[in-house]
Amino acid sequence: MTQNTVKTFLYLRPCTWDWLLLMALTLMILMVAETGLGGRYIVGLLIVSMLVKTQIVADYFMGLKRVRLRWRLIVSGYLLVVMSMIGLAYKLSLS
Amino acid sequence: MQYQSQAVAKPYFIAALAMFAGQIIFGLIMGLQYVIGDFLFPEIPFNVARMVHTNLLIVWLLFGFMGAAYYLVPEESETELFSPKLAMALFWIFLVAGVLTIVGYLAVPYATLAKITGNDILPTMGREFLEQPTITKIGIVIVALGFLFNILMTVLKGRKTVITSVLLIGLGGLAVFFLFSFYNPDNLVLDKYFWWWTVHLWVEGVWELILGSILAFVLIKVTGVDREVIEKWLYVIIAMTLITGIIGTGHHYFWIGTPEYWQVLGSIFSALEPIPFFMMAVFAFNMVNRRRREHPNKVATLWALGTAVMSFLGAGVWGFMHTLAPVNYYTHGTQLTAAHAHMAFYGAYVMIVLCMISYAMPMMRGRAANSAKAQVVEMWGFWLMTISIVLITLFLTGAGILQVYMQRMGDAPMSFMVVQDKITLFYWLREAAGVVFLIGLITYFASFFVGGDEAASA
Amino acid sequence: MNDAAIDDVSLKEKYPPGDLAIWVFIYAEFLAFGIFFLAYAFARSYNVELFNASQLHLDKRAGALNTLILITGSYFVVRAVAAIRVNQSRACVNWLLAAIFSGGLFLIVKIFEFHGEYVQGYSLSSNLFYTFYFSMTVFHFMHVILGMVILTAVMFKARRGGYSAEDHRGVETGASYWHMVDMVWIILFPLVYVIH
Amino acid sequence: MSENFTKSMARNMFYGGAVFFFLLFVGLTFDTMRELPKRDHRENITPEVAQGKLLWEENDCIGCHTLLGEGAYFAPELGNVYTRFGKNKQAIMAFIKSRPVDGIEGRRSMPQFNFSDEQLNDIAEFLKWTSEINSAGWPPNIQG
């Protein structure tokens, strides 16, 4: 397989499973929202789910997984920083 | 100089520099009034000196921008200026109007000037930086329109480049946003809200477009780097400028009666405002490092790098320092604002005009660059003025921090005048630094008269 | 096998998909929204009760529905890029139309939501929570519109046959921007509507 | 920057970004205009207040003082001067009226403007109205 066909093959991957996973995670968040639950664990769970979802979009939808690491690291690093700071802010208000 | 008509820039530059000298002298007068309260009182009260200081700055920068445009546009468009005669006529109109206005400020009390010029018919006077009589404002609009027409016609008949289109957008915006200076309702809050449409959208919006395009032009000339590369950078930088700067206007809407959501929006977007300045600094150094030729005019390159660094420090860093609403709550309207204003105006706009003059003046005097001796003298001027403005900024920052601490914080805040007495030392130091600036300016002027045999021919 | 190929460093692209200029823009957008998110989270920690009480008035189902819509729109865009990679201009156009349609759907749902809040008398200046809520959602709303404009421009060029398997950077540029808009909402929805 | 970075994209970014944010700014301005009447109490702008503002402008008071923090930093903040003077219009008028013609030796002094009593009243009314603007709790204390 030449380099180009591999790339073509990767592009062809339609990401349907990723899409379904994202939909499922969204529905999970909605369920949490409907129950009105809060507190440390729920906040943690939601933040992790946000992190997972955005990383999936970045890696597979945007296709950063096919790109040199540095471009992906900017996004992943950004997400990690923002999410942990959000977590910190919530921890401050919970304690 | 490739086109005859570029020479109209010369009188513009000379007028600009003469007014620059006037601005500095009145700055020194004000600085002295800060420590010797009755200096020149009641002949030249502080408010008059300040008006002359700030209005001269605005007018000479406008002269500088116009001169820069008249020099740069024919060369970019590869054609003679549409009408050099119109350019010269506008020069004299603007100069006479400007000088008469300044004489008016100094010769009669401001209230009398307001009466003579019929301010009651359309009151626009007496607002910070827009103190000009209404008739002068109308004159500025006419001059700006004539100037824009001249530049536009030149661009239309010649080659269109990114630099000229950005310059035109900047100059067009300058004219359009100046129109808000004619809107002066009885409601102070509305007045202030739209006053910033002129003031902020000028200095943190369209003027930066002008700055960017002049800088790009000079960098193309002195570094020989491919135009494509420089133009891409230019677009990205000015895009970031407007993206952050337009909503960034909100940092002026914290405490003037406007809704409190501006505290959130203004803080967030103005926190991003240093980005374009940072990019500009990176860009300038990057281009100079990748230069493909050694231009004999070293000092023009120095000014270009200087403006990139100083505008980042002055506008970017010193602006960010007090732009977040919780900080600004304490620092709003103190000497910290003055510190930021001095370094930002010098770094961004004074230096870019001096950069253009430094590049273009030798060309208009028939050589690619001044002699090495003259350039060394000019570099002395550069360093003296730049170091002195850094010192002025630092001393005013010191004064500002103390002022905030004593007047705005703690359980027993002191009154304004008591605090002013306590920080006199900083004002003396500022005045001393101001004298250094004047020496730098004189050195800079002297460099125009230094001869030398090594002068390269154009 | 595809995961093995994905992890093979030698096959990695040098630059992210689309024009690099859009990536400068995307990173800048991330920065702006990131500051918004953090400002929200820390402002909340000083006004927990106000934020929690105000949050209850938001329509969580509409927010979740819009998340589903945007994720699906993103998926359509992925399919559009996949289609043009194998020279199927026609399919690419159709997927792009589907994505634009889902963008429109998002706007409609959001307008209903805004309308409901307007009727109840909430606005940008109601309180600090609503200042954040409206700033972020309106700002994002305008990004959806901008994304749709970009996708529409790409779609028209694709319909003229302007893209091919060899040259389709325009499609990737629009796609990358659209995914950014999606990602922002994926964070925004739980943060503003749900977490408390 | 590489060939992957095209000038046309950079240009689109500039024009798109500028238009986008300017529209956003105009939208926010509309909202602000809707909210302002609640905060500026414009119903209290009497002819005296308007005349006072004109006098404020025609004597370039902003050249020394700040008003709501904007202006020159040579003389005290006047946005809250009405409160600082104990909500006493007469005190403000008396202060302006009593400024010495030749200044004070070695110190900063406000010029003597020779206002009529009516004009003094207008200015005081303007400063009173200004002090009632909802300025989000600024200044931090009475000293301005």
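Every chain is named by a letter (A, B, C and D) in the order it is written, and numbering of its residues begins at 1.
In the analysis below, a residue touches a chain if its C-beta (ideal position, glycine included) is under 8 Å from a C-beta of that chain, and two chains touch if they have at least 3 such contacts.
What you are looking at is a predicted structure, and each value in this text was computed from that prediction instead of being measured.
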Dominant chain pairing [most C-beta pairs in contact]: B-D
Central chain (by mean CA position): B
Euclidean distance of C-alpha centroids - chain C vs chain D, Å: 41
Centroid spacing, where centroids are CA-atom means, of chain A and chain B in whole angstrom: 46
Whole-Å gap between the CA centroids of chain A and chain C: 13
Of all residues in chain C, the ones touching two or more other chains: 14-15, 21, 24-25, 31, 124-125
In chain D, residues with contacts to at least two other chains: 1, 5-6, 10, 13, 17, 20, 24, 28, 31, 35
Multi-partner residues of chain A (at least 2 other chains): none
Overall pattern in which the protein chains touch one another (line/ring/star/complete/other): other
Touch relationships between chains, expressed as pairs: A-C, B-C, B-D, C-D
Interfacial residue positions of chain C with respect to chain B in the complex: 21, 24-25, 28, 31-32, 35-36, 39, 43, 124-125, 128, 131-132, 134-135
Complex contacts: residues of chain C adjacent to chain D: 14-15, 19-22, 24-25, 123-125, 138-139, 142, 146, 169, 173
List of chain B residues in touch with chain D within their complex: 30, 33-34, 36-38, 41-42, 45-48, 50-51, 110-111, 114-115, 119-120, 123, 125-128, 131, 162, 184, 186-193, 228-229, 231-233, 235-236, 238-240, 242-243, 246-247, 249-250, 252-260, 262-263, 265, 329-330, 332-335, 337-338, 407-409, 413-417, 420
Residues of chain D defined as touching chain B within the complex: 1, 5-7, 10-11, 13-14, 17-18, 20-22, 24-25, 28-29, 31-32, 35-36, 39-40, 42, 45, 49-50, 53-54, 56-64, 66-77, 101-109, 111-113, 129-130, 133-144
Residue ranges of chain B in contact with chain C within the complex: 232, 236, 239-240, 243, 259-261, 264-265, 267-269, 271-272, 275
